[in-house]
Structures are given as C-alpha cells and as structure tokens.
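One chain, chain A, links the two complexes that follow: it is found with chain B in the first and with chain C in the second.
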Partner chain A sequence: MNAMTTGAAAFLGRYEGLRAHLPGGRTDWVAALRADAAAQFRAQGLPGRQVEAWRYTDLSPIAALGFTEALTLAEERLSLPAARAPWRAVFVDGRFAAGLSSLPPGLSARSLAAELDAARGLLGALAEPTPMVALNTMLFEDGLFLEVPPGLDAGVMELLSIATHAERPIAFHPRHLIRLGAGARLTLIETSLGPAAATYLHNPVFEIAVAEGASLTHVRLQREGRAGFQLATVLAAVEAGATYDNFTLNAGGRLVRNEIHAALRGPKAACHMNGAQLVADGQHADTTTFLDHAAPDCASRQTYKTVLAGRSRGVFQGKILVRQAAQRTDGYQMNQALLLSEEAEIDAKPQLEIYADDVKCSHGATVGALDEAQLFYLRARGIPAATARSMLVEAFLTEAVEGVRDEAARAALDEAVAGWWEREAA
Partner chain B sequence: MPAVAETIETVQSVQEGGYKWGFETDIEMEFAPKGLNEDIVRFISKKKNEPEWLLEWRLKAFALWRKMEEPRWAAVSFPPIDYQDAHYYAAPKQKAAPKSLDEVDPELLRTYEKLGIPLREQERLQGIAVDAVFDSVSVATTFKDRLEKEGIIFCSISEAVQSHPELVREYLGSVVPQADNFFAALNSAVFTDGSFVYIPKGVRCPMELSTYFRINAKSTGQFERTLIIADAGSYVSYLEGCTAPMRDENQLHAAVVELIALDDATIKYSTVQNWYPGDAEGRGGIYNFVTKRGACRGARSKISWTQVETGSAITWKYPSCILQGDDSVGEFYSVAITNNRQQADTGTKMFHIGRNTRSTIVSKGISAGRGQNTYRGLVKISPKATGARNFTQCDSLLIGDQCGAHTVPYIENRCLSAKVEHEATTSRIAEDQLFYCRQRGLSEEEAVGLIVNGFCREVLKELPMEFAVEAQKLLAISLEGSVG
Partner chain C sequence: MLKIEGLTAEVEGKPILKGIDLEVPAGEVHAIMGPNGSGKSTLSYVLSGREGYEITGGSVTFDGRDLLAMEPEERAAAGLFLAFQYPVELPGVGNANFLRTALNAIRRARGEAELDAMQFLKLARAKLKALHMSEDMIKRNVNVGFSGGEKKRNEVLQMALLEPKLAILDETDSGLDIDALKIVADGVNAMRGPGFSALVITHYQRLLDHIVPDRVHVLMGGRIVKSGPASLALELEAEGYAKVAA
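Moving on to the complex of A and B:
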C-alpha cells in the first residue's frame, strides 16, 4: 500500500470507529449523508498527483501523518486576538466554543452540531463530489450555521478558527453553512490561526447560499501555524442579482489549498474572487477556483497575486465555465506571480471552457521577478534597497488587496501582509 | 434579419459539398492483411527491406504500445477505435522505385494535379521540392538533383534508411521516443513512410521543401514519420499539406514529426491540414492524432511551427519545442477551425532548458456549427533557464451558439529571472464590425471572411507565400456557408 492509500485508510478508520458518536450519528439522514460520503471517499481516496485537479499539490505529507480527532477543549488557556467586529463565532479545533463567542441577535447564528435537524435539506445541498468535501462530510463535528433573514443588513461578523497544541497530529473538518435571504447583506471576516509548532489538518467546507439580490462579502485570512495544513473548500450558489465577494489571503500553513466553487445561477448575479498568496520558505500554497456561469448577464472578476520567497511553491488553477444559457457573460480573470527566490516554483493553469457565443471572456497570467529597472529607479532616489523591494511587493499586491473595502477586514489584511514581509525581509 | 443571425443560419445550412478533395483514385494497390500484430510489423519492415536494428526498434515500440492505453485527457470524444480493423500497409503497385517523374504512374500524377499539387509543373515552375506520400509510401520526390548539389538530402524516410542509415539511426526517436505516448508508439511500430531532410552545415536551403500527404485507400491508416535535421548554421523551410477522400468511416492518421536544429540552425515548419473533416452530421473524417516535436539542440537555434488546421474530424496535436541550446527560440503560430461536428484539441509545449531561451505562442481558434475547439498548451521553465522569456496569446472566436471554445494553458516556472506572460480572450464577431463591412457593400459572407482573415492575420503572415494564399482560401472554404 502506498502512502496515499494508507492515509485515506486512516481517515476511513476514524469514521468507522467514530460514526455512532459523531453529531447526528443516530439520526438517519445525517448517517446516510455520511455513509454516502464515506463510500465516495473510499472510492476516490486522497487524490494523488495523477488526478488533474491535484497535479501541482502533493498531499503525501498529509497522507503520511496519522491524524486523530481533537480530544479536549482547552478554552481557558487560549488568548484570542482582539475582536475585529461586534460579533464573533469562535471555533477551537473545529468545535464551537460558546464561552468565547458572542453571537448577534436578530439573525440565526449557532453551532451546526447543536442544530443539526434544522439543517436538514441544506447540509450537503451544494456539495461537489470532491474528495476533500467527502472527507469533511464523513467526519465533520461542528460548524457555523448562519442564516441572515431576507432584507436584513447584518453588518460585519467574525469567524475565528483556532487550532490548539496537541500531543499528536489532529484533524478537524468544520462544516459551515452560510445562508443569506433575499436582499440580505453580510460581511464575514474569517481568520484561521494555529500554534507555530503544532501539526494539524484544518479541512473546512463552506456551503454558501446567496439568495436573490443579497450580498455576501467573505474575507478569509488564512494564517495557520507553519506546521499546519489547511485544505478549504468554499461552495457558493449565487442567485439572480446577488453578489458573492471572496477575498482570501493565504499566508500561513505548511501546505494549504483554497478551493472555491461559485455558481452564478440567476441572471445578473455577480462574483468577485480576489486573493493574495504570500508563500515563504518551506510553504506550499494553492488557490483553485471554479466559476460556473449558468445564467445570462452575469459578471465575474478574479484577481490573484502570489509572492514567493525561499524554497516555496505557489499554485493557481482557475477555471471559468460558461454554459450555453449564459449569454452576455462578462468574465475576467488575472493571476500574477512574483518570484523573490531562485528556489521558488510557480505553477499556473487558467482555463476557459465556453459554450455560449455572445460572451466577453478573458484571462491573463504573468510570472516574473521584481523589475530591476524599477528597483534602480527607486534606489536612485535615495530609497534603501530593502524599502524599495517592499514598496514594489506592496504595489504588486495592491490590485488584489484593494477590493477589500471593509475597514476591519482591510486592517487585518494589511497587518498580516506587513507581518509576513517583515519576517521575509529580515 | 440581424447579420449574426443570418450567419448562424448559413452555418447550419452548410453542406459537406464544400470538401472538394474528397474524390478517390482508382489505382491498383497492395495491402497488408487487416490487423496489427508482430507479423504485420515484420511484414512492413521486410517490405521496406529494412536493416535488423530498425526491425528491432519497431518491435520494441510495438511491445511498448501493447502495454499503453489510449490517452483520454483531451477534450474530444469518439467511439473506441478498433486497431485490428485496418490495413497498416497500403501502397500503389509500382515496379522499381521511379528514377524520375517520367516513371511515376500517370494516374498518381493526375491525382496530385487534381489536388492542386501538379508535381511536374511544381518541378519546372514553382521552385518547390515536393515529396508526395500516397497512403503508405512516398511516390515521388521532385528537385532531388538540384538539392543534391547543395549536399541537401531530401527523400522519403524509407530511402534514407537505405542510403543514410547512420543519420537515421542517430536521430530517429531522439526527439519523440518510442514510448512517448500511445500514438507515437503505434507510429514507431508501423510507420510506413514520410520525409527525411538533412541540411548540411552552413547551407541555406535554396527552395521550400514540401511533403504532400494523401490518404486514398479504404480501411487504412496513415502513419508517416518525418525527420528533419538542420546542421549547424543551416536554414530550411518545410511545408506539409494533406487531404483524404470523403468516406463514412473514420480513418486514423497518427504521424510523428521530429525536428533537430543544431547551433545557429533554423527550421520553419508549416502545415496546412485539410484532411476530410466528415460530413455535417459528423459521419466519417480523419482522426488526426499526431505527435510533432522539435529540439533546439544548438545555441541560437530556432524552430518555428505554423499550422492552419481546417480539416479532420478530430485533431489531437501539440507541436512542441525543446529549447535546450542557450539563446534558442521556439515559435508556435496556429489557426484551428472547427465547423459542423469537428473537434480540435491542439496547442503546443515549450520547454525552456537553456539560458535566455525565448518562445512565442499565438493561437487562434474559430468554432462554428457544433464544433469544439480547445487550446491546450504548456510553458515549462527549468531552474537553469535564466533569462527565459515567453509570450502567449490565445484568442477564440465563436460563430453560433452550439459550438464551444476552450483554453487550457499550463505555466510551470522554476526560474527566478524568467518572464512569462499569457493572455486569452473569447468573443464573437461583433455586430458593429459586420454592420460596418456590410454598410460598405460587402456581402454577409465576404464580411465574415474578411473579419476571420483579420482575426488570423498574425498567424497567416507567418506562412510562406504559396501556402498563405492556399490557407486563406481554405479558411473561406472551411467556413463556407458559415462564414466566408
């Protein structure tokens, strides 16, 4: 047996051992959902490099670690970062920490594990048949179950995910359901953190439904510990006239993947996906997007920037599908990578698949180092080399970052970028 | 009726009558029995009077092929191919090898005349040396004497095996090894003919070299093998054309082309591919599953691919460049048209290995009818390829709402100082462009033809003159009724 099969077998073993004790273990529909997912995961296993969607991201480091579930909740020992919004849902090792959270009144925000029955018909409704989603469905223990009633502007809310120190490598698979009613609005700032030395796998799945005319801004700040793994999947369904904005910062972790599937299902829906990947020595960061234009008159914009330092690897895969019905689609995608080191590698695979003729679709990709002429220009004006480099990197990131309009989110983002740069420049 | 709606209507009404190369020549043929096994490989090798090493080479390829699976990753679909249901050798009966055109069967010469490749006139007037390949074998090569004076070898590969075995042995399979892929392995086992070119050091080939491939016989495949070696400081421009009769069956064309450019050498390889595309319902047509690859082995060498792909039911080909030599250059210019039920999955691979290597990719895909057109490409830059540079542009044009246009570029960069740029666009012919042309008195078809030619201009201008004219006509014919 190779490492990938052993790794998959370990997860399946956990499922077999735990399934009666997992949330909904004794509820038929949940048990059936998990059993289906387990069958699918058993068939697919952990995807190897021969699977096209995973050709640039090798999961064997994950397969080689025998992850166990997190055992304890050690809330009292945690020091939380300062709040960025009035309301905050905190998850520790994938489980809802009620004592650390403050949930907003007026909308329905709760622990998924506690309210599983209310999620019947919603949970798994958007699930794509990918192995990581199957793994999540098979083993999820909790998640944020958030419903914003129609017409309500719910302001800003924070979702904080923290990994704790554990003796052994732990894995957690939170499942978050975020649903906005017609015309509702919400900004969700999500931060994932973990201790520097802890080995863990954070495998969150988001099922996001944005109803007619609603608008969700989803800012994801991935700052996992440097020995941590994050494989996140966002599944979003955007209805007529609705907007889904996603910004993802990939800055932490040893091996991370940010996978987003967004379907524009009604006319005049819009989706913006932006992101920055700051990849330092020993890190691997992957952003994979899939934009499904299924209805006419929709627009999508994607801008991703990757900065690579040390011995690191960055991956961008982005597919835009325009179905035959999606006439008058306006789709744009740009991904750019900046290499700061001779040992870095970037792999990019933008992709267009188009079946409608009245469309305007384009993508662009560039890869390069800092421009010597620009550096020279700055230095000739008395700016020290290190400052000049930092200015150019900041300028490179601007186009992707400036889409984040919410002040709190922007402050958190700027702080993360500055912190990364200080470490890397040092 | 709005102009675009009219265009779409004409696309739908297009008849297969547009393919005027669909006739069949009635000529006495010699076939190998149907089927594929070691004996057939031996039969072909024996027919060609090949040395032992080449038979061994073929058998090794055949053994490898048997263990391989047909690739299924391309965005094309077709029913399973029965590899046992074809003749792997078909040749017009001819006595000894002809010494001049006077000895070539006049029926064959007439065939090529009908195809617009009059071998005799070409020899006298146009100054293009032609190697004509009819089904499995090369039937005539013109201008040999003139080329021999320059020390240039231009002959069929079967002939080269006899006359220049050392060159063939050194280079055959050195760019596309036997186990490279399923179709290349198949070709290595059963290739029957193709062209061989060697340009000596410092020689600039005084004329365009050309091969014309013709599939004629029923139930055959064509497996030609082309090998071009440009020695240090030499230059050659090579043209390739192809047609086949109209038939309801699908015929397989699995060719391998290997190019080798040594120091300061340049190879320009142009293809106008016009295999029978099948009828409007997708019956018949050629499966064009071809492996083409060039190695820029020498410093400052250059390989430039230009292709105009208008024919074939399915096209699966990725002419590539391995840029090994420092400062070497790779180019790929492509126009691919799919109309009716045609499918094309084509593109290129550029491997940057040497320092300061440069590559340019310009791909124009046009989809009409129910055609599916995919650009698939790879730009790979190794850590040692300092100063490497790539620019890629892929544009797709959609005509009608039943067709598809897809772009799948891969970029893999491991070099700090490399610079890679890729851009792709997809659009349809703008109403205002059409309106503007029609308002100036152009008919609907002329207007679309003009716009399509403009869309492809960057590629067409790379073609040698004689071919550029043919290619423009072909664009018009391929989209006949649909656009031009």
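Moving on to the complex of A and C:
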C-alpha cells in the first residue's frame, strides 16, 4: 500500500471539510453516493504507473499539488469565444454560469446542482469504478443535465468549460448527464479553455445514455491552458439501433487524458470514436478507449491520429471487448502517429478480447515521420517548408477529422488545428 | 537562362556528376540523353534543390542568380520547374488546394496578387481545357490513384499553371503511351517562346519526335561527352550511346 500522495490527501481533505456544503450534501442518496466514492478513492488514491491502465501516463505532477476549489466567479470579466450554435451551456471553473448561457426550449437542459433530485437513479448509473470517476463523484459541484425527449431532433448545442485564473491550483470535477430519448438526435460541441499560465485540474465525467434509435454526435475540443490538466472520462451506453459518435481533439493542457468507455448494449447499435491529438513540446496527451460489444450486429469504428512535436509524449490505449452474445460484430480500430521530432515519443497498446465466434474485428497502428519525398514535392512547387509541413500534417489528420460533418463543429475543429500549428510547430 | 559550370556532386560519398558544363539560353529547348546511371536524375535533383546531394564543386547560375544557394521553394518562385520522373502521391491533399497553394506562393514571391478560390478555378479550368484534360483531375487527391499517364499529365498541368522560365522534364516520357506522350508534348510546345526554356531529360529519342530540341547533349559517366543539333538524337537511337560517344 502506497502512502497517500499530497494530491490525493488534499482531495480527501476537501471532501471531509466540504461534504455538507456540496450539492446534495443534506440529501441521503447523494451523500451516500459521495461517501462510497470517497471510500473507494481513499483505498485507491490517484493511480500510479504500477496500475496497468495508467502505465504510460504519470500523474505525479498532479499528485504533487494540493488543489482547492475556485472562489466565486466573476462572469462579467470573462471573454467568451464566439458562439458556434444557437444554444450554449457555459461552465466557469466547473460551475454553471446562467448569465452566460442560453439554453434551448423544448428539451430539458439545466444545471445538475439545481436539479439533483431529478437525477436520482440516473447519476452514477453508468459509473465505472475508476479512481478519476470516484474523485469526480466525491467532489462534483455541478454539471450539465440534459435530456432530449424521444423523437426530437435537438440540432446543435454547445457546452463550454472555462477555467479562470487563480493564484493557487484549483480543481473542478463537473458531472454531465446527457440522455437522449428513443429516436432523438443531438450534436453537442464541447470546448474546454483555460488561461495559459494557470495551474488547474479539469476532471469531467460524462454519463451518456443513447436510447433506441437515437443519435448523439459528441465533439470534444480540448484546448486547456498550457499549464492545465484535464482528465476526462466519457461513459456511454448505446441501445439498439442507436449511434454514438465521439470525436475528441486533444490540443491543449500540460497533461491530458481522454478516456472513453462505450457499451453497445442492443442489436445494431453503432459507435464511432475518432480523435486527433496535437502534442507540442512539454505536453503529454493520452487517449484510452474501451469498447464493449455486448449485443449482436453492432459496428464500431475508431480512428485516432497523434501528431507530436518537440519533447512530447502521446499515448493510445484501445481495448475492444466482444462478448459471447455479440455475434456478427464488426469492429475496426486504427491509430497512427506522426513524429515531427526525434525527442517525441508515442506509446500504443491495442487490445482485442473476443468471446464470440462470428466476428469481424481488426486493428492497426503505424508510427512515422513526415515523408521527405512528399515534402520536397511541395517545396519544388514553390510552397515554403513550413506551409508544406502543415499541409502534410493536415493531410495526416484527414481520415480522423472527416467524420466530423457538422459545419459548426468542423469550423471549430479546423480553427483549433490551425491555431495549434501556428503556435506550436510552424 | 541556365548556366552550369564545372558542376560536381556526390550521393552518399559516391561521385555522380563529374564536371558538367552546360548552357541553356532563354527561349531554347535542350535535351539531355544518356544511358541509365549516367547522372541524369541526379542532375535534375541537384538543380531543383533536393536534399541528399552533396555539391562538391562548380556553379549554377539561373536567370543571373546563384541557383545552388537557394531553397527549393525559392528556385520555384524564381521560375524553375521540375517535372518529376515519379510524381509523388499526397493522400489527404486535394489537387485543387495543392495547385492554388503553389500558385499563390509563387505569385506572392513575385509580388503578384494571390488568387481567390473562384479566380483560381476559372484559370485552372481554362488550362485544363487547353490541355484537353478532364476537370476531374483537380477534384482528386494529388496523384492518388492516378495512372502513370495521369500523373505525368498532372505535372504538365502544374507547369502550365505555374508558368516557369525553365522547365526540367525528368524522363517525362517513361511509362507513357503515345496519346499521353502527345498531350505532354503539346503542353510543353504550347509554352515555347522567348520567355520559356526547357531541359528535356530522356533515355529515348521517342519524346524528341514530339518536342524537337534546339540542341542535344549526351550525358555519360557524369559528364557531357557530346553536344549537337536535334539530329544527334536520331544518331544515338540508331547507333547506341557507346558508339556515338566514342
């Protein structure tokens, strides 16, 4: 048993001191949920490298810090990026900012903290017993609680998370519940931002339920400040004939992890998980996926592309589990890395675990540098070296980003990619 | 336009070019013929600035400037164009985007206004039409899934758009059927005039039936061993390199 790290002890200390004041602190079922999570976190602490799922991502920079909550927010001092969609839910340091948000009518979108009772039986229903989920359950203050009624096409909505500057390290653990009724549709564009020099931890957990025949497109643009940490966990349950599409851009932060657990629970459910990781000098980006094929005739597709510059590190871990019931599963996973520097490192660990006998499942991985012949071809046509490199990086990302079809999401993604290149690599 | 004097170059420590002297005046088309391994492709890469070729001596002056001191993109902006023997495939890069980026980079370097997407499309369509090429050519990814002939035609399209002062055609005839060969030759011939020079590098005389050169040079063992009028190409075809060069 390891001694508790500074970071883990600080989180437990916050819980002990704050638990009566946290949302639902005086509501039995919430208090019980938090107490269970605290007991689990006390036993596990922040995961160390000896834990298999965290072998390539070292949390010691987080474990060494004592995080506290943010003080009262100053909404009027924030400058928000231009809106990408008609409706937007804004969270500042993990707390819902009503004055900055505009929520759509016709569906139920509200602050989780304000409507906790309505979340009874839903909150925690999908939770995996991971330390980061336990930490989130123990300390969450708020989140987006979104329910799309059956049959409604809710269009496009934005979820914006902003960290504010603080003198000391702050942490926030938003808990988002996204639930689509049967046959409903929604595109959710989520952006995380933070100031360049602020040390903070953003530890969001999404519990996503996509009912029969519904379709959720979830675009996550992680652009945290360069001293920020984001450890995100997405938990998705996809029912018969439903589709969950996740695209995640990891472009910001000092150390980030995008962990997705998706379960295909009914026949003909589908899941597409794509992503791009743009990792510059001093950054660490981790994408870890777990795809659970639990029903027959389901299809899953994963394409992840990682571009690494300077002294940086990228991680991809992807596990596909095909249970015995999941006959005629069609699964595909590809992860590719482009190393722009000799000091960059990528670790990839694909894993297939198959218990059904009629299954089509494949995976592949490649690691390479920019192609010298391609680069010369572009330069021989008059294109300056930096532009030529950026064209080839963009081309490398194409296969992963072309799945993002919503125009607003695509524009936001293109802007994030171009911004990263200009800032970090050109 | 192009003046090469005493040019020597090595690849991985092995001397390939052993003292090339060659002058291509403005408005002239010269052919370089030579057997395999004579240094033809090395010469084209050295002139266009590819990495991996060590220049050990001599000089190259292009339009009055020191060509060897320039980056590949600067050479292109100055008006040099290399039609590749093996055009490179660029998956994920649209041909129209590639052509417009190249054209605008060169226009910028020349101090000309850049073309927007509509202006570019109009120009590209006109060039495609003049070259009897399908518009499909610019809708695909650069050279991806192109036949050998289509790749060479795409090189000619690029040349037509970028309007170089000097084009180096590196074995552009290799792998082409007669129809494709004619399209390529017509593309080059259409550009001939006082402001356009070309260096046509080839193993066979066939291409020179369609692009008739002002002068022919024979490259063997890293040196120009013989120069003469267009009829020299026919002599080489009939009698072989060894005999003509002897």
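FYI, the second predicted complex is superposed on the first by the 420 of 426 C-alpha atoms of A that agree within 3 Å, B and C clash if a C-alpha of one lies under 4 Å from a C-alpha of the other, contacts with A are read in each partner's own complex, and residues count from 1 in each chain.
Here is the rule we go by: a residue touches a chain if its C-beta (ideal position, glycine included) is under 8 Å from a C-beta of that chain, and two chains touch if they have at least 3 such contacts.
Bear in mind that the values here come from a model prediction, so they are computed numbers and not experimental data.
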Partner chain(s) touched by A:L339 [first = chain B, second = chain C, both, neither]: first
First (chain B), second (chain C), both or neither touched by A:Q327: first
First, second, both or neither for A:D414, with chain B first and chain C second: neither
Of chain C and chain B, partner touching more chain A residues: B
Touched partner set for A:D357, first chain B, second chain C, both or neither: first
First, second, both or neither for A:D117, with chain B first and chain C second: neither
Chain B versus chain C as contact partner of A:E16, first or second or both or neither: neither
Common ground on chain A, meaning residues reached by chain C in one complex and by chain B in the other: none
List of chain A residues in touch with chain C within their complex: 371-374, 376-385, 387-388, 391-392, 394-399
In the complex with chain B, residue positions of chain A that touch it: 52, 324, 327, 337, 339-342, 344-369
Residue numbers on chain C that touch chain A, as the complex places them: 48-51, 71-73, 75-77, 82, 84, 87-88, 90-93, 98, 101-103, 105-106, 109, 158, 162
Chain B - residues contacting chain A, complex: 73, 383, 396, 398-428
